[in-house]
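Two complexes come next, and they have one chain in common, chain A, joined by chain B in the first and chain C in the second.
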Partner chain A sequence: MPARPRAELLLELADDELVLGWRNSEWTGIAPFLEEDVAFSSIAQNEIGHARALYELAAAELGTTADELAFDRSPDDYRSAPLVELRRLEWARTIARHWLYETADEIRLAALKAAADPEVAGLAAKMDREEAYHRMHAEMWVDRLLSTEEGRERLDEAIDELWPYALGVLDGGLRAQLRARAEERLGRALPEVEPIERGRHEADLAELWEEMTMVRRSAPAGAQW
Partner chain B sequence: MTTEEVWEALAGIPDPEIPVISIVDLGVVKDVAVDDRTVTVDFTPTFMGCPALDAMKRAMEAAIADLGAEPDVHVRLDDSWSTDDITAEGREKLRAAGFAPPTARPAERMELVQLQRGFRCPYCGSTSTRLENLFGPTPCRSIRYCDDCRQPFEQFKTI
Partner chain C sequence: MVYEVFRRERAGQPFAHAGSVSAPDERFAELYAREQYGRRQESVALWLVPRAEIREIAEFPDEFDLKYRRVDGYSIKTRLKEARERAGTATG
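And then the complex of A and B:
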């Protein structure tokens, strides 16, 4: 990882996990079958748990709170990768995004686990124990899709579409690892493309933000349950 | 007050979601220190998105207050907990309640095939069981099915 302010790095990770957790939760109740309803809901819960811990660490440094970081910034200020912001993906594209993100995230976490900062390395290692289950789930689905002609075609099409987004999840120095791993797994070359970088946002993010922050904005003094 | 008394009090706190096992059996209490009237406890959540985290913290604070001490409970978010830290007694309590205990964590990257083996059914003892879903009703559980007694059951995930 290149040197950069720690809080900035933590916010990128936290925003990725929060937004993707939200997207995964959108399958709750409507996934193609019950096992996947449970799986995507559980993965969402894990990702949002990771986001909370990452925001707390960033908040301590920035003199704010995790909730303020998660909900009180304007959509333009989020540091999430455009990959996690995309909405209304059909199943093959959902699986493609899930697998691309988890593969990229494994590479990113491996780098963070080796970081000199013990808080970041410790947190990354704890997250990685849980992420192992997300990866096994994603790999299982890739196996399943690659086992039929139609599955392979639909996965290939979705991967090609999302590939520039997947590259944008990682810092430049880690992208070659993602390409090598993905090409080996899929048994084919992936397109040479310009990565879709952080900093710009998909229009879908504004819609997610409206929904996600609605309760908090409607009760500025703090909602009580 | 001694640290042993504090450990004993904490051992009386059930896990909020699997109440057959205590938080001490789970191995999530990492450190206890007594300094005059202040008791400092370090603990770590099992899974980071576990909604029981705050309930566990409050229960520990109440148990320490009941001993007449001032609680200072810290949440530690590092790599200090694995399901390998669940005590032998805790594993037996899980099994008796119908939860297959977690298997030992492999030294290398965990692969799906390792979890697809036939783990023992906590109801009938058969190993003709299969993985139904890596994910379950809480972050810490997977769903399995026993082909002999036809009972679905939950297994504590290995992390």
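And then the complex of A and C:
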């Protein structure tokens, strides 16, 4: 990990988990079948739980609160990767994003678990124990999609579309690992593309932010629940 | 495939039927069962059984009405009353 303030690093991770958790939760009630609906919603809840723990760690350092960090910043101040911001309510793309994100996240968490900062390393290890189940879920879906011609075509198309975004989740030094793992798993070369970097945002984020912060903004004194 | 799910609520307790999950294979069934019957810490263990592997028995013929073999036994109240009357010790 390059040297950057710890709070900034924590906010990147927290924003990724919050926004992806929100995006995944958009499937609640409309996932392809009931069992998947329950499982995917549970994954979404876990991601938001991780975001809360990360915001709390950052908040202690910045002298604020997790809720203020999650809801009171303007959309431009979020540090999330464009990958998690995309609104793609289509199952092949959802699974492709889920798998790309979990694969990138595993690489990122492995680096953080080895961090000198015990709070960061400890939280990364704790998150990773839950992420293991998210990875299992994503890998099982990839297996199924790869097992039929139609599934493979739809997965390939979605992965190619999302690949530059996936690279942007990780710091430059970790991207080669993501490429190696993804290419080995999919059994094909992935396009050489410019990564879509963190820092700029997808237009979809503003819409998500409106919805996500609506309740809190309706009570300026600070909604409590 | 449908899998019947049994769960153990606390160590030492017997497994009890919890419900079922529909899943394309065993791995998905495990994952879905874990999410539906375990993620709230409501179980310490789960059993998954493919529904097709379950043998159901639902016929229990009792043509001669052998009441005395039933779990609730047979009522002796009437017979006891008759016996007491015969012996002249009826208590009402």
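Keep in mind that, in the parts below, the second predicted complex is superposed on the first by the 222 of 225 C-alpha atoms of A that agree within 3 Å, B and C clash if a C-alpha of one lies under 4 Å from a C-alpha of the other, contacts with A are read in each partner's own complex, and residues count from 1 in each chain.
The rule is short, and it goes like this: a contact is a pair of C-beta atoms (placed from the backbone, for glycine too) under 8 Å apart; a residue touches a chain by one contact, two chains touch by 3 or more.
Computed from a predicted structure; not experimentally measured.
J.: So, on chain A, is it clash or fit between chain B and chain C?
T.: Chain B and chain C clash in the superposed model.
J.: Pick one for A:Arg144: touches chain B only (first), chain C only (second), both, or neither.
T.: Once the two structures are laid over each other on A, A:Arg144 reaches chain C alone.
J.: Just chain B (first), just chain C (second), both, or neither: which does A:Thr65 touch?
T.: A:Thr65 contacts neither chain B nor chain C.
J.: Can A:Ala39 be said to touch chain B (first), chain C (second), both, or neither?
T.: After superposing on A, A:Ala39 lies in contact with both chain B and chain C.
J.: After the superposition on A, what does A:Gly122 contact: first (chain B), second (chain C), both or neither?
T.: First partner only.
J.: Just to be sure I read the superposition right, which of the two partners does A:Gln177 touch: chain B = first, chain C = second, or both, or neither?
T.: neither
J.: Mind working out whether A:Thr28 is in touch with chain B, chain C, both or neither, as first, second, both or neither?
T.: A:Thr28 sits against neither chain B nor chain C.
J.: Tell me which partner A:Ile48 touches in the superposition: chain B (first), chain C (second), both or neither.
T.: first
J.: Just checking: does A:Ala132 make contact with chain B only, chain C only, both, or neither of them? Give me first, second, both or neither.
T.: The answer is first: A:Ala132 touches chain B but not chain C.
J.: Could you figure out whether chain B or chain C reaches more residues of chain A?
T.: If we count touched residues of chain A for both partners, the winner is B.
J.: Do chain B and chain C land on any of the same chain A residues, and which?
T.: 35, 38-39, 42, 133, 136-137, 140
J.: Would you mind writing out the residues of chain A in touch with chain C in their complex?
T.: 33-36, 38-39, 42, 133, 136-137, 140, 144
J.: Which residues of chain B touch chain A in the complex?
T.: Residues 44, 47-50, 77-82, 109-112, 115, 132-139, 143, 157, 159.
J.: Please give the residue numbers of chain A that touch chain B in the complex, ascending.
T.: 35, 38-39, 41-43, 45-50, 52-53, 57, 118-119, 122-123, 125-127, 129-130, 132-133, 136-137, 139-140
J.: Can you list the chain C residues touching chain A in their complex?
T.: Touch residues, chain C against chain A: 21-24, 27-28, 31-32, 34-36, 39.
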